[in-house]
Each structure stands twice: as structure tokens, then as C-alpha cells.
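Report on one structure; see the data block that follows.
Every chain is named by a letter (A, B and C) in the order it is written, and numbering of its residues begins at 1.
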Amino acid sequence: MKYGTKILTAFFFLSIPCAIAASPKNPDQCFVCHEGMGDKPSSLYKSDVHKLNGISCSGCHGGDASKEDQDDAMKKSIGFIGVPHGDEISTLCGSCHADSVKMRQYNSKLPTHQMNLLAASVHGKNAIKGGQHIVQCTTCHNSHGIVSVKNPKSPVHPLRVTQTCTQCHANAAYMRLYNPSLPVDQLDKYRTSVHGLRNAQGDAKAAVCSSCHSGHDIQPAGSAKSHVNAANIPETCAKCHASADYMKEYKIPTDQYEKFTKSVHGVALLQKHDLSAPACNDCHGNHGAVPPGVESISKVCGSCHALNADLFSASPHKKAFDENKFPECETCHGNHGIMTATVTMLGVDSTAVCSKCHTEQKSVKGYRVAQEMRLLIDSLTNDQKRALGIVEEAEQKGMEIGEAKFKLRDAHQARLESRTMVHSFNKEKFDEVIAKGLNVTSFVALEAQRAVEEYFFRRWGLGIATLIITILAVSLYAYIRRLENK
Amino acid sequence: MEKSTDVPVQPGKRDFLKWLIGSATAAWVVSVAYPIFSFLKPPKQGEVEVSSVKAGKLSEMAKDSGMIVKFGTKPVILIRKADGDLKAFSGTCTHLDCTVQYRKDFGSIWCACHNGKYDLNGSNISGPPPKPLDEYKVIIKEDEIFISKGT
Amino acid sequence: MRSLSKKLYDWINDRVHLDDLVEFMGKKYVPINSHSVWYYFGGISLFLFIIQVITGILLLLYYKGSEDLAFESIHFIMAKVQFGWLIRSIHSWAANLFILAAFIHMFSVYFTKAYRKPREITWLTGMVMLLLGFGFGFSGYLLPWNELAFFATKVGTDIAGVVPVIGKPILVFLRGGEDVTGATLSRFFGLHVAVFPGIFTVLLATHLLLVQRQGMSEPLELANNPAHVRKTMPFFPNFLLRDLLFWLIVLNILAILAVFFPWELGKKADAFASAPAGIKPEWYFLFMFQTLKYIPAHVLFIDGEVLGVLLFGIGGLLWILVPFWDKKSSRGERNLIVNYFGIGVVIYMLLLTILGWLT
């Protein structure tokens, strides 16, 4: 738009002497004349990829490039449109770029669906003035002087694209017009990230805006189609991070995606479509992506697993871990491939994680506590199973035991709470929760046992009643016989 | 029909049969009366458990408080908001089936197991719960609070 | 002991002349013949009715007849009240056995033509009591307010609604509105525990009084035999003791059924739930239900259901009025048409019931 005004001004001032400089031999009379006037569009257009492919100014602006006379060349009746405005611009670009037949004539390998993608994107759908959408092709690609994206001079080249995007996205006053809630500090954050630092050093391979958000197909993060939607992020990051070839020179592992997809978080997010489960960015940050530091891990995990993190921070382990530089949650639970925690992690046997540090020789107190905690949680699990078994037996015998079954939920709750309470690494607190659960299970087992006994009581009662009735019936029959045999 | 004539019966046999009928009848009466009298005895919990509907009296429920109500075999949490509005949700945390509670200090529904939180519309707002709580309908008839399924 | 009861007897006898009653009972004889066994089914029906009254009153102590509480209160009876499961199961089972015993009683009376003069009133009261028994069953079925009962009542009242002209008002009257709701439950509850028992008691008293007054009927072909061939036994104590013997056996069967096949409660009725698959009425309505299924939607210009309901109405009326159109039996002559009609009805009912049961 800024360019548009300038071109328009230049056009009015310089249109008259143009005709003199024109030479009949050159097929692109527009360029010949405008270059002679020394205006900015024509000087930029000299190196434009379109110019190099033999496309005249009239390819976009209309008119007849072969006419020397200015009036003949720029007659409205032969299709001269002058400076295109608003959506006309993208429509003009699309008249070739969305047409695979035309593009093939220029041996182009460019995709031809950018126009569709742009039209469906947040930039192509939102309009501020009637008929004019936020972004036209020229907004990012420039109008004259367009070069290949691989060319470092291109505004969408990896090393320059951040500036291009932030022309709008870092401008709070401008962004407020479209999306007041969208932050405008992405570039600042990006500069602190590993990606941003490498980019600043001139590494064109490091991720930039368009690597994650895509170029044309930009959707709001909340949209399921967005490349940065929680459900799509792991795949988006994996485009680079799972490619051993691409990441070779950075010497970092490339198995995070594979591990993540199998982890409890990955299964929740990708298979159960639970969008509250963390994707890559929830731990690493998005624009400011870095691996979390050793001490901040419990804060990162704690943003969801708050109770566990609080308990851990108050526990004796906090100090020990900090001193030894153990990454907090990760030491026991792992990172990308994290699995559902089970009781097998607790205790001192081969599958337990406690015994990594606590052995019978070293840190003996912790060894004992781990052993006892495991025994307690196992006994609660067993009691719960046993109680459930009796409840089921009673139910199967047709006894009504809804009340006890309802109560059994409390045991389930106590067991889950005890698993959380492990993170306090405090035996007394743990005992309290377990005792609550054991009380419930013994109550339920008793109630259920009573119901089972009631079942047998009914059978016995019936047996006795039947015996009585049979004796009565037989003796009555004998009495009748005797009466009638008299 | 021939008239029955008095034929003498051995006294021992006669006594035994009559005794047998008498005592069997007595035993039978006991075996019928026992269940009936047991039935008449009011059970420990003297009233029908009206869990599925009646939750208590409105006047007895403080503002800004919550309670767990047994709804069939499932818990339902009934909340009286600070402004006096009543809300009822499934009391089962959508994360791992713990029973949730109302926390005055947060002004939200809270699950003790993993610190999951729901707002007073039942939406999961923080912590691990993956889904919102199902809402139940609350109806007030005179002073009684009734909870029923469906919103 | 003996003298005490004698004294008590004398005290009462002094005032109400019990001697007359004992005298009457002692002189009452029950005929003995190859059909004697059928005589007991009236007594069994009576016994089952007594059980229904007793267990029904017991259930009333805890049952609450409202939409919100009906299901819960039955659940409470089954789960919390001691022997509640037994009382409720016996009530449900005895209801079914009552209909069965009454059916047997009715058919035995029909085929032995015991309805003939002078026992027309006994037959009529008995038939009305059987219809009331259906009413008891239909209304009682809804009271637990469970899913099956809810939909069975819906279908049942719908059928009543197809009767031309009076059907719709009957349907609204039964349901207490356009739909099966809590209002229906209240009505059925009232009918089940107050209206029906009241009418039934009056009919039962008449029925029993007539039986005592007129004695047992003898089958037609034996009634004409000379007196010395006809065998009898005293009603008291011989027949009464046999009656008691049967009652004991029935009670034991009931107890066994209640313990081994406790009556299900099912799921609470939900007006917005879709009807469960394969809802069926109680077995004694099954032959009618099944017939309605077989009648095409339209027969000539009449609606199929209307036709079915009308046919059953006419058939039932014909059956009830048999003492009045079967003049031959009253005159003491054989009337084979009655037998063929009866056999046809029995076969038809059995066949349709079995078909209904299997589908």
C-alpha cells in the first residue's frame, strides 16, 4: 500500500517524457520507458524473478507492452489497470500462480495451491475494510523485486522472515485491530530461544516463524487444522527434530518424538485427543524454546502436577537433588518417554527407582522407608482387591450391596492419594493416607461378608422352613388317613 | 356316606401324632411369624434413601459451600455459590475417578488426588482433568433441594 | 388348658350360638368323585389372596407411591428391611400363582359345568374377581416404577385407548393425563390398595357364602347317579384338613420361588429413555398381546387393533355369560358345544401364550 501511493505519484510526474525514451525494438516498452524515468518500481523490477522470466510490467498492470506511445499502451480499453488495490493484488498473482498450466510454461516447480491456502488462512479470511483482507501476496513477498525464497534478499528467506512477520506482529497498536489478545513479544522470546540464537548467528536451518506456522496455511492455534495446534505440535516439531539427517550437525538426539508418542502424555494427546495433555511446547516453551533447566523441571511439571511438585519441594529430596544436580522429576520419571507411574517404581527391588540411590549399605534410612511404603501400598491394593472380590461375590449371589460398593470408592481414592503422597517422602503423612484406605477396605469387606452370610442364612432358613412344613404336611396327611380309616 | 363309628385307637400312637401336629404347627407359626416381625422392625436407616433426588434443605445449606450427595451409586457434588445459586455436578473427577470437593479458598471444585480444579460451571481449569464434570439439574421445591439427571 | 378353651367356647356360644355353625359344618358334605381334585383350586386361590393381603399390608409399611420415591422405596425394602426381599418376592410370586390357580379353578368349573343353575351368581362373582385379579396384576406391575413396568403400562393403556368412543376417556382416566407419569402411579396405587381390595372383598364374601350355602356342585354326569353310589366326605374336618395340606404345600413352593428366583427390580423408569427391547406384558396378558400383533393393520374398514379389542370384548362377554346361554346344562342335558368352545379357547390361549413367550 505504501508502495502503491509512491508508484501513483511517480506515474503522474513522469508519464510525459516517457514516450521519448522508448525504442521500437524492445518488446517491453513499459520497462524501457519507466527505467528511463528512473522510478523505483522499475529499478527494483530489474532483478525480479518475474522480469528474469520475461514477464513484462503489463503482466500485472495490464495494457499493451508493445506500444511505444504511452496513451496507446496505457489505454483502459485494452485492459490497463494501473496500480492494483487490495484483494486485486492477490487475485492478479493467483491468475498465474494458481494455474498449473501457466506455471508449467515457465518450468516452475512452485506449488500452485498457495492462493487457496492463503484464502483459507487467518490472514486471508479476516478483513478490516470491505473486500480487502489483511495480507496480500505482496505484503510478505514484496511487489517489484520479488526473488526466490532461497535468495537471502527475499523478505521470506529464513534469515529475514522474522523481521517481515514482526512488522505487523510486534506492533501492538496494529495487532489490536485484529486480535487484541494476541501477544506481540514473540520475537523477543524467539531471540532467547535456541532457534533464535542460531538464527541470529546466520544459521538458516534453525526454525523460524514459518517453519512451525507454515507460510501460507496459517491458522489460529486453537484451530484443529493449525500446524501449531496442541494436537499437531509434536508432528510439527518432529519435521526437523525427528530427522536424523537434518539434525546431524547439532549433535542432539532425534528419538524424542518416537518416545513421546508412546509416553503417557503422547497417548493422551495424540490417541485420546485430550488437548490438556502436554505437547512439546508445554515443557519447552514455544517461541522461547529451550530445554528446561535442572532446577526448573519441577516447576514445569508442576504447572500441571502441582500437588506432586509441592510435596516434592517440601521434601528432603529437594535439597539432595539440588546439591547433586539431579534433574528433579526426570530423575525418577524420565522425560519424553514418560510412562504412567506404577507402584513398581517404589521400593527396593530391581524395578524400583529408589534403590538407585538408597541401598542397604548407603542411605539406609531411605532404603527402609521405601521398603515400608511399598509394603503398605501393596497391602492397600490387596485389601482393595479382596474387598472388591467379596462385594462381587455378594452381588453375584443377588445380594444388594450398593452402599458398600459406593464406599469402596473411598479406598480407591485413598490409594491414589497415597501414590501422590509418596512425593512427600515422609512416612507419617504416607501412613495417614494409607490408614484411611485400610479402614475403608476393612469396613467394606465386613459389610460384603455379612451380605454373603445373609445369602447362606436365606438358604438355611428356607431349608428349615421346608423341613417344618414337610413334617407338618406328612403328619397332617397321616392324621387325615387315620380319620378316614376309622 | 357311612357314619364313622368310634374305633378305639392305641393311646400311644394317637398321642404321638397329635403331639407331632401340634409341635410342627407351633414351629411353623414361628417360622412364619419370625420373618414378619423382623420385617416390622424399622431398619437401622429408618427412611428410604432418597439419594437420587432429595439433597437436603435449602435453608440448611450455607452460601459458598459444597456437599457430596449420593446419587444412586455415584457421588454428586452440590454447590451453593457465594451469590446463593445452586449447581450440581458429577462428583467423580474425570482424571482418575476420585471424589471432588468444593474449596472455599479457591472458589472452585478441587480434587485432592492430583490437584485438579474445575470452575463452577464444571469446566476443568487446571491440573490433570481431561474433561469437564457432567452437570446435574437442581430443582428447588419449597425448601427442599432436588437433584436430577440432565441439564 | 382344655377346660379353659371349653370355657371360652361356652362363653361365646352362650351369646352367638356357635353350636349352630358347628352343626351346619358337620352336616356339610363334599362329594367325592374323579373330579374332586379341582375342588381344591378355589381354596388355593383363596389362600393366595390371603397371602396377598398380608404381604401387601406389610409392603405398605415401607412403600411410597410417588414418582420420586417408588423405585427407591422398593429398593429400600429389598436391601434394608429385614426379610423385605422375602415379603416382596412372595407378593410378586403369589400374584402370579393366584392368577394361575384362579384360571385352573375357572376352567374346571367351566368344563364340569358347575356354573349351571342354581350357581349362576357364584360364577358371575368369580369371573368379576378374576377380572379384578387382572386389574390387581396390571396396577401392581407399575408400582415399582421400573423401566419394564413403565413401558408395559404405556402399551397396556394404549390398547385400552383404541376402544372406539370410550377408549380415549378411559386412557386419560387411567393415566391421569395424556401420558404415563407420576399421576398414573398415584392412580394405580390407589386402585391397587384401596379400590380393588374393597370390591374384591365384597365379591369374595358373596362367593364364599354361596359356596357354603349351596355346597359343591357335582359334575353333570354324576349328579344323576343314585344316592347310594355317590360318595361324600365331611367338610369339617376332612375336607378342610386336605385344604390346609394343599395350602402348606403352596406356601412352601412360594418360599422356594422367593429364595431361588427373587423378583428382579430392574432399572428405574425414565420417561425419556428409549423403550427396552422385547418388552412383554405379564404372562396372563400375553395371548391378547400376541393376537394384536397378528391382526393386520386394517381389516376391511376397521382398524386392526380396534377389531382385536372388540373381539376380545365380545369373546369375554360370551364367556362370562355362559350360564345364561347354555340352557341345556341347566336342564341336566349334555351340551357338547360348550365343551368344544372351551377346548378351543384353552388351545388358543396356550398356543398364543407360548408363541408370545418364544418371540
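In this section, a contact is a pair of C-beta atoms (placed from the backbone, for glycine too) under 8 Å apart; a residue touches a chain by one contact, two chains touch by 3 or more.
All values reported here derive from a predicted model rather than from experimental measurement.
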{"item": "A-C compared against A-B, more contacting pairs", "value": "A-B"}
{"item": "Innermost chain by mean C-alpha position", "value": "B"}
{"item": "Inter-centroid spacing, subunit C versus subunit B (mean Cα positions, whole Å)", "value": "35"}
{"item": "Centre-of-Cα separation between subunit C and subunit A, whole angstrom", "value": "70"}
{"item": "Intercentroid distance (Cα basis), subunit B paired with subunit A, Å", "value": "45"}
{"item": "Residues of subunit C whose C-beta touches two or more other chains", "value": "75, 86, 233, 248"}
{"item": "Shared-contact residues (touching 2 or more other chains) in subunit B", "value": "28"}
{"item": "Shared-contact residues (touching 2 or more other chains) in subunit A", "value": "402, 461, 465, 469, 472, 476, 479, 483"}
{"item": "Residue numbers on subunit A that touch subunit C, as the complex places them", "value": "398, 400, 402-403, 458-459, 461-462, 465-466, 469-470, 472-473, 476-477, 479-480, 483-484"}
{"item": "Interface residues, subunit C side, partner subunit A - complex", "value": "75, 78-79, 85-86, 233, 237-238, 241-242, 244-245, 248-249, 251-252, 255-256, 259, 262"}
{"item": "Touch list for subunit A against partner subunit B, complex", "value": "268, 272, 274, 276-277, 304-308, 310, 402, 405-406, 409-410, 412-413, 416-417, 420, 461, 464-465, 468-469, 471-472, 475-476, 478-479, 482-483, 486"}
{"item": "Residues of subunit B touching subunit C in the complex", "value": "1, 28, 35-36, 38-41, 43-45, 48-54, 146, 150"}
{"item": "Residues of subunit B defined as touching subunit A within the complex", "value": "4-7, 9, 17-18, 20-21, 24-25, 27-28, 31, 70, 72-75, 96-99, 112-115, 124, 126-131"}
